[in-house]
């Protein structure tokens, strides 16, 4: 299926390369990026992309192209989703759809009205370790879900300029964990309580954000989730989940580069987890695109639908409000329809 | 040092046996229990205890006895602490001192006024795995504490009759984790948010309690802790802690009966954790008594002082109030002076 | 660098795909296989190979082709090495060069005389876990090597027809471990003692082979290695190494598909190792070809030279003789020059 | 049952203390040691031993004493076994019975003739981790035993003076592993091949011994075992076993002081294993004595019988001969009847 991609930054390049190597069902015919430079163009062409252009229009107007992958900046996501939907093309869009809930709804509605498939790029659902936990939960092996624990810590905070426009830790970082919590809970969240602190960099506090946070979620089915985030884990990219249920408990550990353990006179040591997100989730990016290809080529439901793009944004809105007002906030307080 | 023990139920017997075997500095001269039966008497005497009696009075009146170990029911703790203090005897008292904060203060003040040592039986501080985490935190190796995660799950809920008089999950079960959180944070808690659910047994809900809970603690130093509790983990007694700091992360796993792993055609499996608290904390009970002996014989500070008995009760009060009112509760709201 | 490949069976296809995806320095211009079928031809062409032919001659005669990858059946290896060397092309040859030591020498000499590079396909040296152990040993961190332990067990014995022509377990299976032992020891083996048994399939015994074996190696530097092999590990592909030295010990574990662990009422379980060799050594096949590209393009020593192809065959010869005669056999007994 | 103990060195004291604390069926009435000093006497009496004497005679002559525990030096074992047997007393004797096979037979025969029970102190059979492996093997869960791997490494070599009289590494150190191999194999060894090296201390070589060794055992049932020993593992007392069978594989790890793991900027580390044998096998010493008490009090078979004392000595004899002559040695070559 001929595909167009909008945005050839870091994540765009990853998708282009993965599709060329591992997703035979899709063929990227056109890549568009207003900031396309020579180096990128060379890379993209080497991956077998026929057309490299500067504006997205040609993708929407190309009748051969049946699917669009949106990897542009967040503020353009909903606009491009709407345009792609109007052009009748299936859509894969990087997360989040938008931070404005009205825009999210508009994008979702456009896709729905056009009858095209929409998949949101919550890649962690496709990570082998997180997926493995989900599979166990989903199989019923640990019974009903009672408690979910998610730890998610980045190796380094982003630059302060980015922090200022990021929407805050709940929109920018914990949004992945909100998605993961829903994915694992099999239920919708009804209330959010967020505790935040500035413990890493006072500049982050001055920018109105926190760098350390713990959030409690209450789900419709009674399950409770706790998520902790830190902007700086000196030992690397740390992402683990645990689900405790009526018949048992399932959890995962981080991947590490190898299984080597060394015992010397002092201690026994192993390598730390990866420090680079792209290394940690290499396989997840491949799998999510294979899932998208499977959905659009074989006319299946996308595994991360529009609603899955909506809820984490509402959770982020509620968490932000909770941290600010020092009280639990119901999803219904931030919801619009 | 000659010692008296009040209460020869399960925990009392454990202390008697441990002292006789592993704490040479102490000698239990007298054991008192109003419900003393023949079997217990035989056991206690075999452990070398000279006098086995029914009332605590003789212990307080015996000038040879310099220390008292209180293992009676909770409602008698503060009363016996006050009597022992008046008699000038050092005191080891099982947790909690009392659920009524005024009684806790009275007991603490009595010990202070009498100039006797008071140690509270928060045994988990002496567990090799938890102590190992504390030692790493305390050494400064992981820097400033940012996040604390504590999971604490029991194999089985207590009988519903006990639940009704237990004071609730926060007083009865999570109180150990409140102590652990303070121990690891190195700071006092200022606010508590508790989310509770009835997911295991509706009878627990009818009794006004919850069986599943997640609590968020904010500390003076900015650190945040999340604690989760469940009354029933089918795989055994599950107690793990993790402390994340500016320079790294330290965590522990449960003890298991052996290190054997079996790989067959289906999977690789290991044994589960212990299902009996006494097996899990065998060493902790010995160590806490050795620490008490060290404090009273060598005139050192007790490692779990009266204040360490007070704070967890205040935290339990705040958590109970928070779960009931659906909002974060400050310690100052429940504090008395 | 333009490259030709001879043999497009399973391993040939893996190299073609890996080169097209991950080894930009090499370009496979021509693929030759006398048994080339349509399906293979389609696959090979999709990987960007220009010419798909039936005989190797055209590769040797093509002046544009500078390197040859030999993936044909073992009995043709030495012949093709000699022809490629005469044609002045660098050579990557799958292991083993040949089971006849005279042929191995002839091939090595041809490459040497022609001044072309020769790399043998002992892929395990490039596996992240084994390489990780090597790196620790090589760094000096565990001091002098004293003991090496290698376990290597396959999920299933090959078909009995294959067993009959395989040369036996020491040539066919343990040869990888002989290479690994030398790689880790940093010294040459001087004596081999092999104990074998038929415990899995009596047919293997009737074919004159064993299915279970333990071999002891003595090295020049005094180090001792023990290797165990089994033709059938029901739990999957099991390959672990351990090196014990004067300053410590390093070992690795198998890769498993994910890090998930499940605790239910019975036990705590994790997934087993891979059951398919290609999954276990995915990365190793890529890395060895990248190393070959690096050697031929940048004129470096190949990391697995001709001598590394010779020694394991001598060790297999000695082990076979040892198992047959029930005594340790010196390498000098089987060596030719 | 009233018991006498001969020898109050390190291991004797451990048995005395363990019996007083954990083995209620036995009561040590008399302890005899020609080198009894005041400190030891004080300790022994504190453990409740009534009589502390210098010669063993009084124990044999005391009609009240029904069982004897022999912890004296190895050269006196067989003599004391014979005397105790003649006196009609059950016998627990530290390993080995004797290095001279004729003496071993004499001792075994004496016990048999007298109809008294004889248990040999191979304590590792009672270690929770080794016992756990045995239980899995014994249950049939991993099917028929094909391969056994045992690693056994001490933190430090003994003093050179001890090495000279120790009988060599196979008698002194690997004898435990010979016992373990038989225990796990469920079959008798028929042939032994030993490779030894002097890699730690040349003085050990001058004393005619080796400090590093790997031994291959062939069992009657076809199973093969490999054992490696080192006199110096800088990271502590390292003892692991693995049994591979037709239906799976079981293995254990060392105990470590706690389960704490620390991740900092460099690596993730855990504590090393114990460096002191008494810490590693604390529970094993208790369990073996409880098993002895159970055997003598309840008239059961001892779990480590005379034959279990005989075989490891024959295996040590064969291994010593093998290392010296550079060839596999059959047990039948060293056996006497």
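Letters A, B, C and D name the chains as they come in the text, with residue numbers starting at 1 for each one.
FYI, a residue touches a chain if its C-beta (ideal position, glycine included) is under 8 Å from a C-beta of that chain, and two chains touch if they have at least 3 such contacts.
What you see is a predicted model; the values in this text were computed from it and never measured.
Visitor: With chain centres set to the mean of the C-alpha atoms, which chain is at the far end from chain C?
Guide: Between chain C and every other chain, the largest centroid distance is to B.
Visitor: Across the interfaces A-B and B-C, which one involves more C-beta pairs in contact?
Guide: A-B
Visitor: Please report how many Å separate the Cα centroid of chain A from that of chain B, as a whole number.
Guide: 42
Visitor: How far is the middle of chain B from the middle of chain C, if each middle is the mean of its Cα atoms, in Å?
Guide: 58
Visitor: Where does chain B touch two or more other chains at once, residue-wise?
Guide: 234-235, 238, 247-249, 263-265, 271
Visitor: Taking the touch rule as given, give the residues of chain D at its contact with chain B in the complex, in rising order.
Guide: 21, 128-129, 131-133, 136, 141-142, 247-255, 257-265, 271
Visitor: Tell me, which parts of chain B touch chain C in their complex?
Guide: Residues 234-236, 238, 256, 263-272.
Visitor: Mind listing the chain D positions that touch chain C in their complex?
Guide: Where chain D meets chain C, its residues are 144, 146-147, 149, 151, 153, 193, 195, 197-200, 212-214, 216, 218, 222-226, 228, 230, 232-235, 238, 242, 244, 246-249, 326-328.
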